[in-house]
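The chains carry the letters A, B, C and D, assigned in the order they are written, with residues numbered from 1 in each.
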Amino acid sequence: MLIIMKKIATKKQIQNIIIIAEEKNYKPHIISGKDKVSIAILNNNNEIINLSNFLGLDGIEEIIPITKSYKLVSREIKQDNTIVKIGNVCFGDNSMPVIAGPCAIESKQQALEIAEIVKKAGAVIFRGGLFKPRSSPYSFQGLGKNGLKILIKIRKETGLAIVTEAMDIENFNILEEYADAIQIGARNMQNFSLLKRAGKSLKPIILKRGMCATLQEWLMAAEYIINKGNNQIILCERGIRTFVKHSRNTLDLSVVNTAKQETHLPVIVDPSHAAGIRDQVIPLALASAAVRPDGLMIEVHNKPNEALSDGAQSLFPNQFKTLMKKAKAIYSLAGKTN
Amino acid sequence: MLIIMKKIATKKQIQNIIIIAEEKNYKPHIISGKDKVSIAILNNNNEIINLSNFLGLDGIEEIIPITKSYKLVSREIKQDNTIVKIGNVCFGDNSMPVIAGPCAIESKQQALEIAEIVKKAGAVIFRGGLFKPRSSPYSFQGLGKNGLKILIKIRKETGLAIVTEAMDIENFNILEEYADAIQIGARNMQNFSLLKRAGKSLKPIILKRGMCATLQEWLMAAEYIINKGNNQIILCERGIRTFVKHSRNTLDLSVVNTAKQETHLPVIVDPSHAAGIRDQVIPLALASAAVRPDGLMIEVHNKPNEALSDGAQSLFPNQFKTLMKKAKAIYSLAGKTN
Amino acid sequence: MLIIMKKIATKKQIQNIIIIAEEKNYKPHIISGKDKVSIAILNNNNEIINLSNFLGLDGIEEIIPITKSYKLVSREIKQDNTIVKIGNVCFGDNSMPVIAGPCAIESKQQALEIAEIVKKAGAVIFRGGLFKPRSSPYSFQGLGKNGLKILIKIRKETGLAIVTEAMDIENFNILEEYADAIQIGARNMQNFSLLKRAGKSLKPIILKRGMCATLQEWLMAAEYIINKGNNQIILCERGIRTFVKHSRNTLDLSVVNTAKQETHLPVIVDPSHAAGIRDQVIPLALASAAVRPDGLMIEVHNKPNEALSDGAQSLFPNQFKTLMKKAKAIYSLAGKTN
Amino acid sequence: MLIIMKKIATKKQIQNIIIIAEEKNYKPHIISGKDKVSIAILNNNNEIINLSNFLGLDGIEEIIPITKSYKLVSREIKQDNTIVKIGNVCFGDNSMPVIAGPCAIESKQQALEIAEIVKKAGAVIFRGGLFKPRSSPYSFQGLGKNGLKILIKIRKETGLAIVTEAMDIENFNILEEYADAIQIGARNMQNFSLLKRAGKSLKPIILKRGMCATLQEWLMAAEYIINKGNNQIILCERGIRTFVKHSRNTLDLSVVNTAKQETHLPVIVDPSHAAGIRDQVIPLALASAAVRPDGLMIEVHNKPNEALSDGAQSLFPNQFKTLMKKAKAIYSLAGKTN
C-alpha cells in the first residue's frame, strides 16, 4: 500500500502513520519526494494490509493499494498454463475447442438434433441448460431434474461431453453426478456459497464473468474455487454492461489476453450472450477467435424462431457450420509465429 | 410489441408477420405511416410475447417491446403503497425509518455498543452481517452461526429489530428464525433460487439493487419473491457501477421516485455502500433524505479504524448522531406541501 | 510513479529501470518488499514523468501513476476558496445562488416572461442559450446573434446577470461582450481550443462536466483555462452517462464534495440535464442542495409543453417557486454545525 | 412516437392526447390492447415529433420514440455503399486499407522514418497529428503549423496520402489545404461547429466515435456533416468508456456491422486508442479485421519508448509488419462466402 501525504502534512502526522503501521506489524518505508512525502506500507506476512487502519488519518492525501489480492490463480504462483479437461477435451493447451448447443434443453428430440448438428460441425462439447436463470419468473425456467436423462442420452449417443449450469448448491449437488463440467453463470459470479461448493467438487467449472465485474473481481471469484481445492476452472468472457443500446452487452475482447497474463487458468469467450442478436454473433465469434482464446462457447438451435429461451441469439445450423470453419482458420492464422 | 418494417418492406413480408402473429394467437394491428408500416402485436392473454418468433424475419427494421414484464409488484395492480413491517417499524407509510449498524458483527461487545449508539441517535432497526459476501476468500467472512446469540441479545437488550443478510438458501433457513428481516445483497439480486426461497418466507425481505441492474431487472427480481407469496419486500438502492473513480459506486437517486411510481413497494437508500468512503457518506445520506425515500440504511461503527469489514465507509458515532438530526429535518422539509 | 516489478524480475531488470530513470533525470527509489521489489520514480522538477519511458520494459508487473497532473486548480496550490463573481453574485463563499431560465431563448417575450418568473422566485442569474448544441441538425439551433438584444433587454429590465453558452471560438468572441458569464457545455469539455480561448477572457466561465469525464479529466479541462490566466471558473456537475435507462443521465452527487476537496474553484449542480424528465428534476434538485454545492442551475419555462428545446425537463413556474424555497432551506439545514 | 396510456387512463385523457396531436398536425392512431390503450403518433411531413408536446400529460404511462432522427446518412435513403476516396485509396468497396503512423508528428526525421516503415509493411495512408488534443495543457501539444512542411514532404517522398486531425475551425482552415483527409477526434464528435465546417469541405472526413456516444449520436454527428454537403465521411470506432480498469477503453466491435446496416458510409476501426497498451493492440487489431471493417487505423512509432505522445500504445515496426500480414489474411478469411 502506498500512502501519499499532503504537501502540508506535518512531521507529526507522518510519524503517526509510521507508528500505526508498526503497531499493526506492517513495514513502513518513507519516500521523500520533491515536495511531498509518500509512505510505502509493506506487509511482513501473507495478510492483506487493512485499508481501514489508515483511512481518515490526518495529513493523508491518497491511499493506493498495490498488492493484488488473488494468489492461487495467479501466474506468479504457477507459471505454466493449467490444462482443464472436460471429458477428453483439453482447455489451455494452445487450442480452441468449441462448446455449442441451445440455451435451454427443451425436449429430448430438440437436444439430440442440435447435439448432432454441432458435433458434425466440429463442436466437441455440448451445452444446454436445465436450470435457467431467467430475468422473469414467468419465462421458461428449464426442464430441471426431468431433463437429466436427456443429458445422459446425448452423451451416450453422440459421445460429446456435457456442460450445464448450476444456479445454486442444490442444483450443483444434482448436476455434479451427471454433467462433465458445471457452469456458474454471470449473475452468480459472486454467489460465494456456490463458488465454495464448486471448490469442493472434482468436476471442472466454467466461471462466467459477471456483467459488471472487473478482471480483479473475476479472478477473486476463481480464487474462491481454487482455494477450496478445485483448480479445474475455465474463465469465460461473455460481455459487460455498458451504456450501449445496439447490443445486449459489449464483448470485452481485451480481457482475454490480459487475463491470461495474470492467471494460469484457461480463458474462453461466449459471443452469443454478449451480442444478444444473431446478426452480431457471427462477426463477434470470428473476432473472438482472432484473440486466440482457449475455447469458444456458442448458442445454436435447430429452430431459433421457436426457441423457448434466447432464440434471438441462437445461430441456425448452417450459420454455425460456416462459422466453425472460419473461426478455426482465423485462430490458426492469428497464432502463426512468422 | 411494436414491429417497425423497413421502408422497402414488401406487402408479402408484412403479410408474413401477420400470419405468424395470428398463428401464435397474438393480435396484430397494422399502422400505416407516411413512408413505412409498423405492426403492433398485442397479446390476448397474460403471456409475454416471444421476441424470438419474429426476430430475423425479412423486412423488419426494428422490434420494440412495449409491455413491462413485471406484474404483481406493479402499481398498476395495486395502487396504494404496500406497508412493510419489520418488528414494529413501518416502511411505506410516508416516514423514513433508519436502519443502522456495522457492516459485520465482530463480537458481542462491539455489536451491543454500536446498537446502543445507533438507538440513542434515533435508528429503529439494527443491521449487522453474520454471513458476509466478501470479494476475497481471505477477508473476514463473518461470525456465521456463532453470532446468532448476539443478534438475540441485541434485540432483547435494546428492543431494536434486527436485519441481517442471507447469502444462500442454507443461510436463509437459519436466519429466518432469528432475524426480523432478511437482506438479499446486491451480488445476489439475481440469485433466483434465493429469491424463490425468500418468496416462501413470512419474514420481510430487503432486496438490494444489483450493481448493474436496471430498474426493470430490479423489479423483476422482486417479482420472483412476490410471485411465491411474500409481498413484504423493501427495495434498497445502494449505488451502481460506473466509469467513475472517485467513489466506489455512483448513488442513483433518480431511481427512488421512478421506482415508487412503478411499484407499490417501499424504496429505501443505503448511501454507505455507494460511497465506500466515509467523507462521502454524510452528504450522500442527506441528499438521499431529500428525495424522500421510505427509509435509510447507514453503516456505523464504534471504532471504524479497527473494523474487520468496510471500516472505511462506516461513520463514527458522533457523525451518525449529527447526520440523523439533519436527515430527519431534510426529509420533513422536502415533503412540505406548501 | 510507482513501478512494481514481477516476483521473478532479475537484478539486471531492476538495474535497467534505475539506469533509464537516471538518464531521464528522474530520481528512482527502490522499495524491497517481502517477495517483490517496487521502484518509486520521483521527478526533480515540475515535469510529469513520461509513462512511455518505462512501459514495456522487461520485468515490470505494473506501473501506477501517483502524481496528479493538475496544478493551478489544485487546493494544494491555493488553500482558500476562489470566489467567482458573475455580475454582483458570488460563487464559492458558502452560499448557493441559483441560475435559472429556459434551455433556449425563443423570443423576447418568452425570455422576459421567464426571467421575471425566476427572479421573483429568488434566482439571481438568468440562463438561456442562443447557440444550442443539439444532437440533430434538424432540431432548433437557437436564435444565434439575433438574440443578443434579448439578453441585453433582460439584464436591463430585470437586473439579472446573464449566462449563455459558447459552442466555439467564434461564438465566444461574440458573446464575451454581451454575457456576464459564458458556459462551456458538457460536449465541449475537452474542446481544448475553446478552453484556451476561455482562458484568455476576463469573463467568468461555467465549465460543465463531460458526460463521461472523470474528476481528473474535468479538473484538467479547468487547468487549460486557468493556465491561460483566467481563474474565474465555476465547475458544474450535470450527470454522467451510465447503463441506466430510467433517466437521461445519472447525477453524480458524490463528485461535489470530492471536487471541492481537490480544487479551490466553486462547484455547482445542474439537475435538469441529468434528469431529462421534469418529475425527476425536483427531487434531484433538493438532493443537490443537501450536498451544499456552491450554486444550482435549473431549467424553467413559462410553457414547457411548447418549448423548442428540452421542454420535457423544464419546470413549470410554480414548481420552480416551491423548489426554490425548499432548496434554500435544505441547503441551510445541511450546513448547520451543531 | 408511441404513447402508452396507463391502465387507469380515462376516455377523456385519451381524447386529450388525440386533440393535441391533431392540433400539431400529427396523425394519431389508437391501438386498443387487452387492458390498455396505446396511441401511435405519426407525422405528416418530415419534421420530428416534439416529445415536449405530450410529456407530462395526464394518463400517460410511457412515451416511446420510434422514428430514427438521421436521414441522409441512412441506408434507407441510399442503399449502396458510399465509397470514400482518400488520395487514391477507396474506403467502402469491400477492402480494408490501413492507415498508420505515429500519434503525433515530432520531427521530420521521425515522421519520414515511420512513414517509410508503415508503407513498406503495406499501409496506404499515413496518419500523424500536428494539433494534439491532450488531457493536460502541460503535455506536448503538437508541432502545429510548423509541421505542415513535414506532411508535404512525406506525401512527396512516399506517395502516401496524409490524414491529420483538426481540433477546431481554425485548424481545419489550415489543414484543409495540406491534408488528404481530416480527422475529427472522439472528444470533438459533438463539436457541432466543427462538424458544420467539415460539411462545407471537399476533403474526406474521418469521424471518430465519441467515448460515450451511442450509435444514434454518432450517426447524427455524421448527419451534421452530410447535411452541409460533404458525404465523404468515414466513421471510426475507437473504444468506449466503461467501468473496466484493465484497458483504457473497451473496443466495441459489435458496432461495426450494426453501423454498416444503418448507414451507407464506411466504418473503420482504431484499436490503438481503445487498448491504450501495446500488448492489447495486436490481438484487438486482429479481432477488428475479423469483423470486416472498411479499414484500420493503427499507431506505429519507430521508437515508442521515446514518443512524446501515446508511446505506450504505439507498435514497434516489427510488430506492425507481422500484424499487417495477419490482419489482411484474417479479413479475407472472414469474408469468404463458402
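One rule holds for everything that comes next: contacts are C-beta pairs under 8 Å (C-beta built on N, C-alpha and C of every residue); 3 or more make two chains touch, one makes a residue touch a chain.
Model, not experiment: these values are computed from the prediction.
Asks: With respect to inter-chain C-beta contacts, which pair, C-D or B-D, contains the greater number?
Replies: C-D
Asks: Work out the mean Cα position per chain and let me know which chain is farthest from chain A.
Replies: With centres defined by C-alpha atoms, farthest from chain A sits C.
Asks: If you average the CA atoms of chain C and of chain D, how far apart do the two points sit, in angstrom?
Replies: Distance between chain centres: 26 Å.
Asks: How many angstrom lie between the CA centroids of chain A and chain D, rounded to a whole number?
Replies: 31
Asks: Averaging over Cα atoms per chain, report the distance between chain B and chain D in Å.
Replies: Centre separation, chain B to chain D: 37 Å.
Asks: Where does chain B touch two or more other chains at once, residue-wise?
Replies: 212, 241-243, 279
Asks: Show me the residue ranges of chain D that touch chain A in the complex, using the header's touch definition.
Replies: Per the stated touch rule, the residues are 212, 214-216, 240, 242-247, 250-258, 261, 274-275, 279-280, 283-284, 286-292, 326, 329-330, 333-334, 336, 338.
Asks: Touching residues of chain A toward chain B in the complex: what are they?
Replies: 47-48, 50-57, 69-71, 133-139, 167-171, 187-188, 190-194, 211-212, 217, 220, 223-224, 227, 241, 277-279, 304-307, 310-312
Asks: Going by the contact rule at the top, pick out the chain C residues touching chain A in the complex.
Replies: 2, 4, 6-8, 29, 31, 33-34, 38, 40, 42-45, 62, 64, 66, 76, 79, 241-243
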